[in-house]
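Note that the chains are named A, B, C, D and E in the order they appear, and that numbering of residues resets to 1 at the start of each chain.
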Amino acid sequence: MTGLFYGAAGVAVLAAALVITRRSYMHALVFLVLFFLAIGTLLFSLGAPFAAALQVMVYAGAIMVLFVFSILLLRLPAGAWRLRRWTADLGWALPVLFVGLLAGVVAVALLGGRTPPEAPAVAAVVPAREVGLALFGRYLLGVELASLLLLAGLAAAFHFGERLSDAPPAGPSAPSASPAASPRQTAGTDGRR
Amino acid sequence: MKALLLALPLLPALGFVVLALFGGSLSRRAVAALGCGVVAGAALLWTVLAVGYGVAPPPGEALRANLALWLAVGGVQAAFSFTLDPLSLVLSGVVTLVGFFIHLHAAETMRSEAGYSRFFAYFNLFITCMLVLVLADNLLLLFLGWEGVGLCSYLLIGFWYEKNENGRAATKAFLVTRLGDVGLLVGMLWLFAVCGTLDIAALNQVAPESLTAGTATMIALLIFLGAAGKSAQLPFQVWLPDAMAGPSPVSALIHAATMVTAGVYLLARLHPLFLLAPEVLGLVALLGGAGALLAALAAAAQRDLKRVLAYSTVSQLGLMFVALGVGAWRAAIFHLVVHAFFKALLFLAAGVVSDSLHHELNLLRMGGLRRRLPAAHLSFLAGAASLTALPLITAGFYSKDAILWGIWASSQGGLLLLGLALATSLITGWYSFRAYGLVFLGPAQREPHDEHDGVPVRLSLTVLSLGALASGLLSLPHLFGGSQWLETFLGRLLPGLPASSGALPSLTAEAAVTVGASLVALLGAGLGWWRYRAGRPATPPLSGLGEQLRRVLESGWGFDWVYARLFVRPFWGTARRLQPDPVEQGGDLAARLSLATARVVTSPETGGLRLLLLGLLIGALLGVSILLGR
Amino acid sequence: MSLAQLLPLAPLLLLAAAPVVTLLASAFSRSPRVVFAATLGLLAATLATLPLSLTALPMDVTSLLRLDGFGLFLLALLGLGGLVVACLADDTWQRRPTARADRFYPLLLFALAGMGVAVLAADFASFFLGLETLTVSLYGLLGFTRHRQAALEGGLKYLVLAAASTAFLLFGLALLYAAAGTLQLAELGPRLLAVGGGTGLDPQVGLGLGLILVAFGFKLALVPFHLIFPELYQSAPPPVAALLAAGSKGAIFAALARFLALSGLTAVPSVVTWLAFFAALTMTVGNLAALRQGSLRRLLAYSSVAHVGYLLLALLALPQGGLAALLGYLAIYGATVLVLFGGIGLLAADGQEADRIDELTGLAQTRPLLAGLLALALLSLTGVPLTAGFVAKLLLFTAAFDAGHHWLVGLAAANSVLSAFYYLRVVIVLYRPGPPARTTWPRASRLAVATLVLLGAFLLLGGLLPDPLVQLVRVASQGLGGAP
Amino acid sequence: MAAVTTEHVLALALALFVLGLLGILVRRDLIFVLMSLEIMLNSAVLAFAAAGARWHQADGQVWILFILVVAAAEVSVGLPLLLRLNRLTGTLDAAALNSQRAGLSPPPEEPT
Amino acid sequence: MLTLLLLVPAAGGLAAWLVGRRAADAPRKLALLTLLVQLGLLLLVGQEPARFGTESPLLEQQHPWIPSLGISYHLALDGLGLVLLSLTVFLALAAVLTAWREIREREGGFYGLLLLLVCGLTGVFLAVDLVLFYLFWEVMLLPKFFLLRYWGGPGRVRAAWRFLLYTFGGGLVLLLAILGLHLAVRQTTGVATFDLPALLPAAPGGELGLVLFAGFFLGFAVKLPVFPLHGWLADAHAEAPLASVVLGGAMLKAGGFGLIRFALPLFPAAALHLQPLVLGLGVATILYGGLLACAATDLRRIAAYASLAGMGFVLLGIGAGNELGLQGAVVGMVAHGLIAGALFALWVVLRAQTGTLALDGLGGLWHRAPRLSGFTLFFALAALGLPGLAGFVGEFLVLLGTFRVSPAAAALAVGGLVISAVFALRLVQRTVHGPLRVTRPVTDLAWPERVVLGLFALLLLLFGLHPQPLLDASQAPLAQVARTLAAGEPQPPVEDHPEVAP
């Protein structure tokens, strides 16, 4: 198990690093899948088989598909699949500096903790049964809420997703219908300064 | 009696109110009748009161009458109540009688002026305030009159308000006296804080017990400041010469006869307090003497007739202060009375002269008016003689003699003071007859138009001339077989001289002083007459040092120059520099700072997504650091 | 769970069922007004069933939810606020034709339901789910006018930031869970303190807490997490902005207050420092930034940032006076904000957003009632006596003063002076004499106007006779340890 | 090889979290930003797994379920939103999302 | 009865605002009527059987308002309040009459706000509950702000904001101090109250008392105003519609009133401890105000700084804290209210006649308008503290009171009298005296103006020569304050207050 863990850990880190540095959407997606699978493996190695299965199904299955469809739906002109540069300017330097700072602080805190390391992480497997009992016991309401959440997401997604080319509603002051129109100033910010 | 006493100041007040409210719609004749009438009434009232007082002196020598409560709170009690005692009787007599004749005079000489009713309104108000001042039985009421006369002085100096110089002179007069009043007011506060009362009689009674020597000295000094301001004494004398910007009757009434003597009155009124502070009395005498001499010298160098008289007033008041300082209280008051007559006379005569010369006051452009202005000539001569104290025939001789004798005989006196007084006397004679000669003798320089010759002017000049010459009879000294009636009468209130030896004054010594003083006066007068007997002498103008000295003297020893640099300019400099208000600007600074900071904190408004995420990151960093910091 | 438990839970159940019902309704009838009517009915039903819960207080519904006075009060506020927002939205969609306006109401109800769960949550799990329901619906609401680029942009930016903050929250929660072994609010605090050994926070706990508070900070728009909010207020439809300012912040504040009150973490110095630091920073920066705004919505956005800064004072005064002050402030501030955004919404139409303050010049001449309401709300925000805003400030300052945070209260007072400047500037513009900047305004629905008038009346009444309100919030806060 | 400790797992999660954070900060393309967000959420998944394992409770896995739900919801809303915006503006550049910049206008009057 | 005093101006203001839309000249008539009614009410109150001289209030009214916070609707009118209320109503009447010709636009709003301001002032003078007091304090502030902002002169924007930010800030400091006091008392006695009589015996001393006193002092000092906090004053006077400044004279008095009514009795020990500071500020205010008035070139600013100097005397009297000083402060407040009111009423006329209020454009008015000039002279004299006019009585009593505590402060303040003479005479010299510089045809005062100004003059003269009614009316409350201060700790009133229930 330990070997599995460290191996998967390496893969996960590597895959994540690759995802955020790719220039092609598709390459990135491939590494994202790899990342999700690695996480699934890690979950398995940490004694959470139920979670691992979910991970593989939901992430590597469903969410990935969403990404793929979206990229396809972008109707990118040929050749735009690859970005010319993966980041366009040097504006990221400052953020990276701060990320570094934060990471440093966090790492110090994490490793300086007084939580005794005597309990090994992989104590034992928590089987799916137990998880199921929790889900339909203590967390029953939580599950209901999760479904509510999904429904809300669905409603929102549906609102944005339906008929991509829907014409703006008819009205006395409806904006121009052309989606290619230059980014209009929204009303109210009429540019008078 | 009490009702009459109350009516005494109220009558002129009535005149003021009527004139102030309806003066504009009254005819000049009615205005004059009203303005003079109320003062005449006051004079009559005074006469009745005086007779009554003489016939049946009230118990305790003081008749008190209460008009109304002014304020009573937390131990302070002040009422509109008046006291008639020998001192206030004499003073109010001077105010009403001399005041009446000056009113009368002004009724004619001011007739052609615009603002005739305004003039009489102010004049009546002045008489009211002056009467309140001398009759007041508590210090607060006295202060009311004190400031009131100052106000009238201000208004009347600036009577011809179109000219800015007049306004400036008026303001100067008011402010300089007000500086002195700071002393008076603080002195009053201190007195109240220590003695717990503002009633003059009570104060005079409790002062010796409740004041320590140091406190008494300080309070006396402060009050002397007030008196010096009002009476144009060193170092406050600068305002009086400028105050001549007002009409001549004003100078006569306010700046010669009455208001300027208020300081003398105040010191006499509070003599028990001053007796507790011999050092202050010494200072009073010294400053008075020095002021007298300096002012006399300055008077000798003036080219403006009225300024000569103004410096002369400062000088004569100085003599009175010397008298006060040495403890010759009665002599000071005696001289005050006599001075009121002759100085009013001089001013009125000067007014007649200047009126006939189109308001010309420059001595060097006058001359030879003896024949054209006979009334003015005779009056001026009488006044000048009295001022010079020509022996025997003038009242001034007797009153000044009393002062000199006081200086000689008092334990507080001394040779220095005597010397100052005699020197003053000498120069007084010189400048009096210099002025007389320049105006009336010699060849005529300009053709005057006709003298005022109405009854009012004639009457007032005549009466005042009589007063200037004969009022000495009021207190003829023993040497001349007199009874010193006035001084005796005042003696009911004011103490006598602090005698040096305790022995009675010997007639020989008295005679010696008298003779000496007479000689000095005669010498000065003679020299003056001799030099200016034919008008302006034909000597070449002074040059170099002499001219400079003359200029210094003419400017009144350059006090104005010094004060301008010491006080006036720094004051205005500060006031202007505070404009615009730096504190206000400082307050705005906070607002500006806020807006500038606002500019900074709104600057990320235009960023994109990355900036927003950066905000998140920074927040996380801050928050985590704080929580880890324990 | 039994029937006895179910009955008191009725309001929440109704609230949770409402979006589903309206979603179905909108599937059958695309008329926004029908769905609107259904929404009104459901919300009214929710409010009507509230008394059912009163008898059973306090009550635990599994370990995830806890019904108590505090939560019930907030639930009532949510219901009322939802009604107002719905009425405003009805007016907005009548005048601003938008594709599928009927979908707005389910999303609104989802958001309300999420908030309802969050304020009742007794476990971080339920809080998290409620919060996410709210957030996800907000994505939809923020970008609801999907033909407008700005709205979509706003929604997307918010999504990225919110998701990132969610990640922070989750990571923090995981750390706390790793340290304490539970995420139930009531048990979490003592265990966390125990891990620290009584001397403060264990670094790992501190880290977890810090990361959680990042998410709270973002949702509450504390400085420097506030940067996106001015844009959102400007780009979102007015009712959504109102919901964002009055509702979501309030609900999250309440949840945070519950957590802090139950955990006893406010006794930890570093937590106090955190609250004080962000309170000071937030109110000052918010007010300063508002000084220079020419857009009314941005101004209100910064003002709401500042007000959150004030509200943090209430957390510092936990539990004694702080809870009551918090509830009172939330109720009054919520009403005020609804009036303001509602008022703007009534004036706005597509193409004429009535956003620049200048545009409102002389509004009192053309729309006196609306101008009066706006002015009243602005005065209330300033904290002028006789308006409810004064009572809110009084409660808050008293509580914080009592808790010993004198300097912060002083700073808040100084900030109030700053805020007076920009609030009253708008009032002045409203009543400026001379020709008004605009003479024609869109016609507003009577219902919406009536709603605003009612809110205005509340602001006035709350200032004149605030006693019932004060009593109510005191009673409501008792369950969590508030002073009687 | 020693047993895997909670610290190690958490450190790994942290590393992934930071990588995700870097991604959303550095990348300007919104698709990548969304992917990076997924990485961040997954790091939280891992952390919960570690915590659950430490206490040997099912709660960790329950939380992972919730996280998955949330991630799904976010993505399912985010991607359509992104698509619609892309149709309107033709860009996926995060830096271009600032049309509100023009909404800044000066305040009505400056008193001082 | 007391509520009626509040309701009448409020209702009148509302009505004036409402009718302003219909008829242009109705608001002023309505305002006049309202104030006359108010005056009538006050006279009725003043007729109360002679309860002056007792320490319990003349009229009192108490109802619970927000019992849960310890706030009650507690109004009480004592002699001091009566004096200042009467002043307020008189000045308001004068303001309406002066505005009669000055204000010609949006009269409904103007008079509405003016009456609201009167309502606020009335409340300030009546409220005994501290929160209620603060409430009226703010009600006083906003109408003035809007009057200034909408009806003011060219610099109104800056002036209005300065006024608002200063006074609102001061008010918040006051509020914080009130809260602090409330909490401190709650801690010691367990009673949550904002009611002054209940707070009096339990007000904290020591360092806390010092801090709270400083808070109260700051809050009131901004309003008074006191030397370094006076930044708003000049602009507010120079830019506001002059008619509203006539009433503004009464507003400054609220600061002095607050100090006497609240700050001193609550924290006598602290007041004694900080006495040198207060006296020093008083002296600084007198001198600074005087100096600024001397160099100002606009009549409005001269009058504004003159009232700053006058308020310095008030502060001095309050700082002295003995009966004389306090009485002097009260008379001074009345006197300066009248003087400032009169001057600004005069400026309205002057500006209408000459078109300017800058010294450079004026001069020699006596030629053309002797009555106008006479009044100018009279009020200038009142401003310089001429004995016989009301100003002097106040100043003299203050000085008497101060001298007992600090001779140096008194002496310096007397120096301020010289400065006041400088600016008053300069004012006279540059407007009514000197060569004629006004180019417009100037007519003298019309009858209504004569009546208004004449009333001011009459009152100044009356209180200068017979201030006893004022002194008697306010004697009892002031004496108690003075006693409290002398003892250094809160003193129970001589008569027992039924409402003092610990």
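Points worth noting:
Following the convention adopted for this analysis, a contact is a pair of C-beta atoms (placed from the backbone, for glycine too) under 8 Å apart; a residue touches a chain by one contact, two chains touch by 3 or more.
Note that the coordinates shown come from a computational prediction; the quantities given were computed from them, not determined experimentally.
Between subunit A and subunit E, the least number of touching-chain steps is 2.
If you tally contacting C-beta pairs for each pair of chains, A-D comes out on top. Of all chains shown, the one whose average CA position lies nearest the global CA mean is E.
Chain centres here are Cα means. That of subunit C falls 43 Å from that of subunit E. Centre-to-centre separation between subunit B and subunit C, using Cα means, comes to 79 Å. Spacing of subunit A relative to subunit B, judged by their CA centroids, is 99 angstrom.
Centre-to-centre spacing of subunit A and subunit C amounts to 28 Å, using the average Cα coordinate of each chain. Looking at subunit E, residues 161-162, 165 sit in touch with two or more other chains.
Multi-chain contact residues of subunit C (touching two or more other chains) are listed as 125, 129, 132, 136, 139-140, 143, 146-147, 149-150, 157, 160, 164, 175, 178, 203, 206-207, 234-235, 291-293, 295, 298, 355-356. Shown for subunit B are the residues in touch with two or more other chains, namely 588, 591, 595, 605, 607, 609-610, 613-614, 617-618, 620, 624-625, 628.
On the subunit C side of its complex with subunit D, the touching residues are 125, 128-129, 132, 136, 139-140, 143, 146-147, 149-150, 152-157, 159-160, 163-164, 166-167, 170-171, 173-175, 177-178, 181-183, 231, 234-235, 291-295, 298, 355-358, 361, 422, 425, 429. Residue ranges of subunit B in contact with subunit A, taken from their complex: 610, 613-614, 617-618, 620-621, 624-625, 628. Interface of subunit C with subunit B (complex): residues 157, 160-161, 164-165, 168, 200-201, 203, 206-207, 209-211, 213-214, 217-218, 222-228, 230, 269-271, 273-274, 277-278, 285, 288-289, 291-293, 298, 418. Only residues 588, 591-592, 595, 605-610, 613-614, 617 of subunit B touch subunit D when the two sit together in their complex. Listed in rising order, the residues of subunit A touching subunit B in the complex are 91-92, 94-95, 98-99, 101-102, 105-106, 109.
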